[in-house]
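Starting off with a structure, shown below.
A, B and C label the chains in the order they appear, each numbered from 1.
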Amino acid sequence: MMSTASDTAAERYARGWAKLREVDGEAGEQVINSLCDISPDLSRYLIEYCFGDIYARGKLDLKTTELVVVAALAAMGTAEPQLRVHLHGALNTGNSRQEVVEALLQVAVFAGFPAALKGIVAAREVFAARDEQGKPDAPLAPAAAAPAGTRPVRGEEALERLKAGQLRHLHAEYDAIAPDVVGFIVDFCFGDVLSRPALLPPLRQLLTVGMVTAKGGLTAELEFHIRAALHLGCLPEAILEIMLLMTVYAGFPAALNGIAIAKKVLAEPTGGPAGSGQ
Amino acid sequence: MMSTASDTAAERYARGWAKLREVDGEAGEQVINSLCDISPDLSRYLIEYCFGDIYARGKLDLKTTELVVVAALAAMGTAEPQLRVHLHGALNTGNSRQEVVEALLQVAVFAGFPAALKGIVAAREVFAARDEQGKPDAPLAPAAAAPAGTRPVRGEEALERLKAGQLRHLHAEYDAIAPDVVGFIVDFCFGDVLSRPALLPPLRQLLTVGMVTAKGGLTAELEFHIRAALHLGCLPEAILEIMLLMTVYAGFPAALNGIAIAKKVLAEPTGGPAGSGQ
Amino acid sequence: MMSTASDTAAERYARGWAKLREVDGEAGEQVINSLCDISPDLSRYLIEYCFGDIYARGKLDLKTTELVVVAALAAMGTAEPQLRVHLHGALNTGNSRQEVVEALLQVAVFAGFPAALKGIVAAREVFAARDEQGKPDAPLAPAAAAPAGTRPVRGEEALERLKAGQLRHLHAEYDAIAPDVVGFIVDFCFGDVLSRPALLPPLRQLLTVGMVTAKGGLTAELEFHIRAALHLGCLPEAILEIMLLMTVYAGFPAALNGIAIAKKVLAEPTGGPAGSGQ
């Protein structure tokens, strides 16, 4: 299924169209059809490049791919129609509604509450449309069981999992200037959100890498989160697939910036110097 | 009213709910209610963290807080429903309609005219809704009195107020490459907009710090504007409260980036080296 | 037509109003009229500064100016009403519908497919409105002739045109970490999109400079693309006019950041050191 330089346009198109149908279903087809009068070439690039080249690589499973795309589009906050298409895509590729909502909760930490709220509003519309269509999505969980431990305890554990010694580092970095901020990072970001059991830590870290890459401009943060993803056992290949995915959703400059940062982190000796970001 | 680590969830929730009602009124309640079927946890975090932890700190008065939020959301340009909620919030907490419009004018300088225009369109809708509800807002000012002095004179005064010698610095920086740009900065940014008497210079500078932090990625600019805010007499605490506020509206990476820049500026000896940004 | 410090407000207003009518026609007038009840001053700044000062400079022809504005607004993704106004503006100033669509295709490369799709959707609405009004735009081209050469050949030529040796540089930079990315850059970015004959390479490069400046935060990328624009024969003056234009559309911090980067590039000896971005 891998694209190679010798693929004909017809092969890329056929492969892309099949992949588009698999991921986005009718919502994707509608996007394509809506383009034929005004820009058939954009529709062709969408099929050939986005789906025939990138999605068809098959190096990151579609379920993870689509959850990363949902998080990144919600974090960018500029692409509501595409967010809706990929909310369908995330559910079509095996994510439960609960997993989708969890990814959108995580957006609140990395792109703010307005971005998360917009994502949740779009998700509610998509869920309602799918109810009408009788799509058999794995449902929202019933009231979640109370999570283990207190917020600070859960939070410190989740933070230290990203990088041993990070709590001490954050206190040293911020306490003199903004004494409460480390408490908010530990209790809210990690104790409330990032320790929620519905998504595994390595998957959450891939969502974070996607969001921070897509937003662009936050170099130190991205560096820290790529390092943390590797520390949690994410494969370098998965991180680089996310960068390729971001060529589609955020454009080549933001994606190539992400690749340059990944290259720097991957060149570090394992157990190398600590990052300074959050 | 300060949050502490030992607060129970119930205390944070009660405190947050009261604060949300105080700031956003019915518009805020509607947001909360709309979340209960799809993500009760997001609604809980919104109440507990955003309002129970951050807004309840009480270190920056609510009136200023909400005007900063309006400016930052308008500058981001990605959160219209939240912008409308906080336009209500700004008026609910004692800002006049004129002050709200002034903050949106300032958005034109720091995030461009399209962002300011979108903000003004939202404000008109909110004003009309409040007229129907019979809310007694302090009105738009009648035709403003002609401001004192010519544009270049007003502009130079307002610019030099941010930093003595800045006019000379800008000429040295830009004249060889873009000879007209200093004129536009002085005449339009400072002579037209930032010298308008309806908002005091330190308040304007807090709005600017909020906007540039929320947009992310403009390090040199943010550094200059934090330094200028301190020079105008803004307290370091106020600047740091704005950074905490931006954890809510723009996410932790952008806010922590802002705190890192504030830390650098605050470590400078007073009267230290001049910034190079505008 | 140049603005000078001694211009009276009345002169700037009259000059700006004429320019606004020339560029945006009725769509622009509607924006102005819609502001008179809520912020007559914003409407005045729009006329005096944006059109009376910046557009009236006349150093970059209006046709190019408006195509750059369309690309930048679509890339930002936050200003749909203004994008529609300037889609009209681009057509009013002599761009064909095909040229407008080509500019939006290029947005896919630099800001991602969702941004390009939003732009195309807006363009379709604007084209339909103009059909109803009977505007005689130069039409969309009929099915484009098959472009010359294969994708990799076209792509390599287009890439090397920006900077001799860049293909080798990209392979050295990326092959060890993300072996397929150079292929995607060459085949998709350059072979599919940037080599399309409907817009000349120097014009495409001005669009890119506008988009990357407007998005902000991507310093290495902007540096590369300014250098490439000069290499393609774009005048330094044209690049700086685009930065001034971005004061209007993306705000002064992003524009001044762009000017600082342009200053650095222009200070390099010709044939100086190679950039590292794409």
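Basically, contacts are C-beta pairs under 8 Å (C-beta built on N, C-alpha and C of every residue); 3 or more make two chains touch, one makes a residue touch a chain.
Model, not experiment: these values are computed from the prediction.
Participant: Could you draw the chains as nodes, link the ones that touch, and say if you get a line, ring, star, complete or other?
Facilitator: The chain contacts form a complete graph, every chain touching every other.
Participant: How would you label the subunit B and subunit C contact, same or different, if same means the shared numbers make up over half of all numbers there?
Facilitator: At the contact between subunit B and subunit C, which are copies of one sequence, the residues are largely different (under half shared).
Participant: Which whole number of Å gives the spacing of the CA centres of subunit B and subunit C?
Facilitator: Between these chains, centre-to-centre, one finds 29 Å.
Participant: Which subunit B residues reach two or more other chains?
Facilitator: 76, 78, 216-218
Participant: Could you pull out which subunit A residues touch subunit B in their complex?
Facilitator: 75-78, 101, 104-105, 108-118, 120-121, 123-124, 127, 140, 143-144, 152, 173-174, 176-178, 180-181, 183-185, 187-189, 192-193, 212, 215-218, 220-221, 277-278
Participant: Show which residues of subunit A lie in contact with subunit C when the two form their complex.
Facilitator: Spelled out, the residues of subunit A in touch with subunit C are 3, 5, 31, 34-35, 37-39, 41-42, 45-46, 48-50, 53-54, 57, 73, 76, 78-79, 81-82, 216-218, 236, 240, 243-244, 246-254, 256-257, 259-260, 262-263, 266.
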